[in-house]
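Listed next: structures, encoded as structure tokens.
You will see chain A twice below: alongside chain B first, and alongside chain C after that.
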Partner chain A sequence: MTETGLATGSRPVQGARPVSGAGPVRGARRPRRPLGVGLARPTVLILTGLWVAGPLLPLAVQAFTDQWFYPDLWPNRWSLAGWEQALGPQSRLAEAVATSIGIGAAVAALATALGAAAGRALAWHRLPGRRLIELVLLAPVLVPPFAVAMGAQVVYLRAGLADSLTGVVLAQLPAATAYATLLMSGMWAGVDPALERQARTLGAGAWRAFREVSLPQLRGGLVVAAMFAFLISWSDYLLTLLIGGGVVTTVPLLLFATAAGSGNQAATAAIALVAVAPPLLLTALAARQLAGRDTALLGVGR
Partner chain B sequence: MTTDITIADLDHTYPGATTPTLRRVSLEVPAGTRTAVLGPSGSGKSTLLSIVAGLSTPTGGDVRLAGHSVLHQPPHRRDLGVVFQRPLLFPHLTVAENIAFGLRMRGTDRAAIRRRVTELLDAVALPGYGERRSGELSGGQQQRVALARALAARPGVLLLDEPFSALDPQLRGDMRALLTELHRREGSTTLFVTHDRDEATDVADTVTVLLDGRVAQHAPPADLFRRPATLTVARFLGGAGNAIPGTASAGHFDCPLGRLRLDTDHRGAGLLLIRPAAIVVGDHPGDNVVPATITAVTDRGTHLDIQATSGGVTLQLTTGPAAPLRPGDDTPLWLPPAHLSVVTP
Partner chain C sequence: MNHRRTGLLLILPALATVVLLFGGGLGYGFAQSLGLAGFTDTPVGLAAYQRVTDGPAFTNGLLLSLWISTVATGLAVAVGVAAALALRRTAPGRRAATFLAQLGLPVPHLIGAVAIGLLLADSGLLARAARTVGVALPALVADPHAVAVIAEYVWKEAPFVLIVVLAALGGPVAEHERVAATLGARPRQVLRHVTLPLLAPSILAVAVLIFAFTLGAYEVPALLGRAYPQPLPVLAYQRFAAAELSGRAEGIAIALLIAVIAVAAALAYTGASRRAVGRVTGARR
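Now for the complex of A and B:
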């Protein structure tokens, strides 16, 4: 939201320039730009990068040492013991990663499908109480997660869904679906409903018209929505802990258990790195969608 | 392969609306012919087309294609092609893929699709444009692709909803000619909705005038202008410039101009209508010649707009631009019986 605001806010400044941005004029102006302005962009990028990635750097070091004590700036002994423990036969990391991926994939698929359907309704139909629905969709962001989790636990216990994979998937779904719906309603607003009607007159059934005409135009949004939903699921701790009841162990749960239970910092760091890898990987894979044709998406790009 | 369209007693009211959009509309379009539904905006003509296409549901009445009711068939099973005011080309497909869409939905094999697409690109004068994207085409070109796409699967019925209204006037004329040519080749029964009376009379062999959701008249274009059914129709067609009150009897109309001979079914008090361009200046053997005095002449370049009085009645007429007429001239005027009609005041 803020990014969009910033982007629109910067536009009038550009417009106020006496020469509208024609290619050659811009090129001719470049050499006269003061050095400070030229350096501003890379500096901001590097600082932002450090802010985001900075906390991860000590982890990357810690995962490869078994002795690194307070006053030392640098560990005095390197070791793979942490990794051996994290990946070893008695570790449950592989199982946790598989559980996390399974739950994440299920949440991503369901949330994206539901979000696409709800987004269509929100964008294309004049629903009564539309504003209210949008507010409810923001609820997972507004309401403290602890309150939700506590309430959810009682409900899921009564429904007999506690301590199961299904229960965890269902518990994570509302937040992921809310994000997917907000994103997809924005995507649907850019698709002309008349195109599907035209397809219907050309011999396509309702479902086929959607698949052949609207779906290709939504592809970028669907990828991003699925990615978001997966990431929400991947990093969830509270709901998984309470609904999973210790039976369902995902990567964040294992990470916290290792950190709190064993006190083995190297193993904890190794698991933390494993937990960070998929989001980075996914973001890289989806970068094309994010930065490609759908630059308006999320206010990212530009 | 063509299909006749029967629209029977169609009623339509939008949910929550107090006045109906369509009231007992009945219309018969024989196989292979072209009918234009002509009406001002808000007359319900687009709703009518949308019901025939299956995109709207009527509140009463029936639509039959080739004798079978299609009301319970979804649009994709109705064997028809539709062109809307906007071209609505699928943005993620090329021109060729757009035209092929309907054939692909019907499972036509690829070689046949390719042949048909090439044939249609030629027919709409866009050979070699198959690989382009819709964004690379002009508005007129896009609408030609939309026409080709609608006709690709050889539908029995072609429905057109103001297809040329968004184009500039020069282009519109070309598109009408193209449509006539395509109709000759493909032969689909055509139902055409427009608010432009020139378009209706140019393209269609029969015109249905739709006013306030009701069929006001259904006639060949020439009859429509010569014998409008009501004063409202005459006004809508721009032919109520001369409306002279009088009394109709068998073969005659008595009014301040005298006793005029004409053919009408109307009896009793009525309004005599004659289009300004139908009045002939000068003497003529036979009946319906009235003496008149020219009161005003306006040179419009392509024609003269003339005002004349006869028997206390003011008449509007138009003549060729070279007619030697001046205000004050006395001249006989001939009111040809075939161009006279009587409507209820």
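Now for the complex of A and C:
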């Protein structure tokens, strides 16, 4: 597997592993224990879990207390004040969640549709200038997106799209589309083109052959692509700020403002918990779909 | 059916989206940074770039950015690779670790920054814990070395490295290792001369992605960094959002300079990965 990460998703061969890659032969004894196994495996596993969850756990404590004085290791009073402030009429959290979900759903739908079509082309078709196309699709992965948003802001202003939901969706779309395309090309590579050809031979139209032959096999992949696109949108802060102009208030904008400006740690933690729940839930639900599609995750959370 | 044309038709919408909305913004931004377009009072030419790079704010910001990205990338790779090598032995371990790591990946960096802030701030959990054992910690948030910023990046990106390296270890690596061991290589030699070189392309690719991302990320240093010096993305946004009109061109100029560094790192990777692979396989790939 050369060039894992940067190019895997765009390679049609991704689904097919060589026979030699099937892993070590069961029961075959290793002559020597390779290095790097100093710690017992359960210990490393527990450490992995602690690593991931550890920093998030204090959020769950902080959100339910309004008195946690230094240097106490544990709050001396529990309270829902943080939630009352986060959910209260002043904070507009419910509105921000609705805005985030709306923008995320639009980005997910558009990016998945575009990515599914482009992924099929990358996996199944001979394309002129394939390397250039792949390079263009990788650009949003490497170039910081705010460089683009800063340049485009004037255009959005002139087109009347600044400070609007549509503008924010359009600003977030290219990165989500690029990731969805890379992911879907891997999914398409796992579908046999011969099956659709057979359906066509038997008289099905192009659309029907796709819908009844390939689509059922792609369903899991489409769900994952839509989920990723949604999460890319859900985590975005700077594009929304630049193009939405602070008028379009999503959850990250509210979180940043509360974290940087209010000094209210309980409310900050409460909003952070609301913001972190969808990514955790969606990933846990899609865990089965995700197995083996490691590198495709690279786009999420950034 | 024209096979090639169907392919182009299928890929065109996605490609157009990226080229128009992404490339267009980039190109128009470049024109603005040169004083050629947009709301600007910048004279045509490199004036914005000169104004931006002139003075210590840019130099210090660049150095800070490079420091943050280099250290964060190095640490994330070290932690991720070490964990992957320790976890690779059995399938259940790998699956469980991959699941745990995957769970952490989609957590937005902004939330990571808030969480790390609660953990490492002057009155954070770590400082409290250190005090109970009688240790006084130096400032970790908004400190000169950007410890909290780096910690957030390492926390977020190490699981990503773990996932990619575990996937790469599933390939033919184990066989090559067995051959080397059978031929009498010691574990340390296997690791140095077989395992790591075989993993090098994956590791390098991940490293480039992390480096490029951290170089252009705004939220984390904006929340956990100091007011001066500011890493380049924060500097870029501050200039862009400044009251004076010339700030827009300057902000875009800084953002484009970041992009140039990130792309240069990626190009260096392309060369390095070929060489790294060639060393092991006799450049057959």
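In this section, the second predicted complex is superposed on the first by the 248 of 302 C-alpha atoms of A that agree within 3 Å, B and C clash if a C-alpha of one lies under 4 Å from a C-alpha of the other, contacts with A are read in each partner's own complex, and residues count from 1 in each chain.
Operating definition for what follows: a contact is a pair of C-beta atoms (placed from the backbone, for glycine too) under 8 Å apart; a residue touches a chain by one contact, two chains touch by 3 or more.
For clarity, every value in this text was computed on a predicted model and none was experimentally measured.
Contact with chain C, but none with chain B, is seen for A:I133 once the two complexes are overlaid on the shared chain.
Within the superposed three-chain model, A:V247 lies out of touch with both chain B and chain C [touch as defined at top].
In the overlay built on the shared chain, the residue A:Q265 is in contact with chain C alone; chain B does not reach it.
In the superposition on chain A, contact of A:L281 is made with neither chain B nor chain C. Once the two structures are overlaid, the count of chain A residues touched is higher for C than for its counterpart among chain B and chain C.
When the two structures are aligned on the shared chain, A:A94 is found in touch with neither chain B nor chain C.
Contact with chain C, but none with chain B, is seen for A:G115 once the two complexes are overlaid on the shared chain.
In the superposed pair of complexes, A:G205 makes contact with chain B only, with no contact to chain C. Across the complex, chain B is touched by residues 192, 194-195, 197-206, 208-209, 212-213, 216-217 of chain A. Residue ranges on chain C touching chain A, taken from their complex, read 3-4, 6-8, 10-11, 13-15, 17-19, 21-30, 32-33, 37-39, 82-83, 85-87, 89-91, 93, 95-119, 123, 125, 127-129, 131-132, 155-156, 158-160, 162-164, 166-168, 170-172, 174-175, 177-178, 181-182, 186-188, 190-191, 195, 201-202, 205-206, 208-209, 212-213, 215-219, 222-223, 233, 236-237, 240, 248, 251-252, 255-256, 258-259, 262-263, 266, 269, 273, 277, 285. Contacts from chain A toward chain C in the complex involve residues 1-7, 17-18, 20-21, 23-24, 28, 30-39, 41, 44-45, 47-49, 51-53, 55-56, 58-59, 62, 70-73, 114-115, 117-118, 120-122, 124-128, 133, 136-137, 139-152, 154-155, 170-171, 173-175, 177-178, 180-181, 231, 234-235, 237-238, 242, 252, 255-256, 259-260, 265, 268-269, 272, 275-276, 279-280, 282-284, 287, 290-292, 294-295, 297-298, 300-302. Remark: chain B residues 53-55, 74-76, 78, 80-82, 84, 86, 88, 90-92, 101-102, 105-106, 149-150, 153, 159 touch chain A in the complex.
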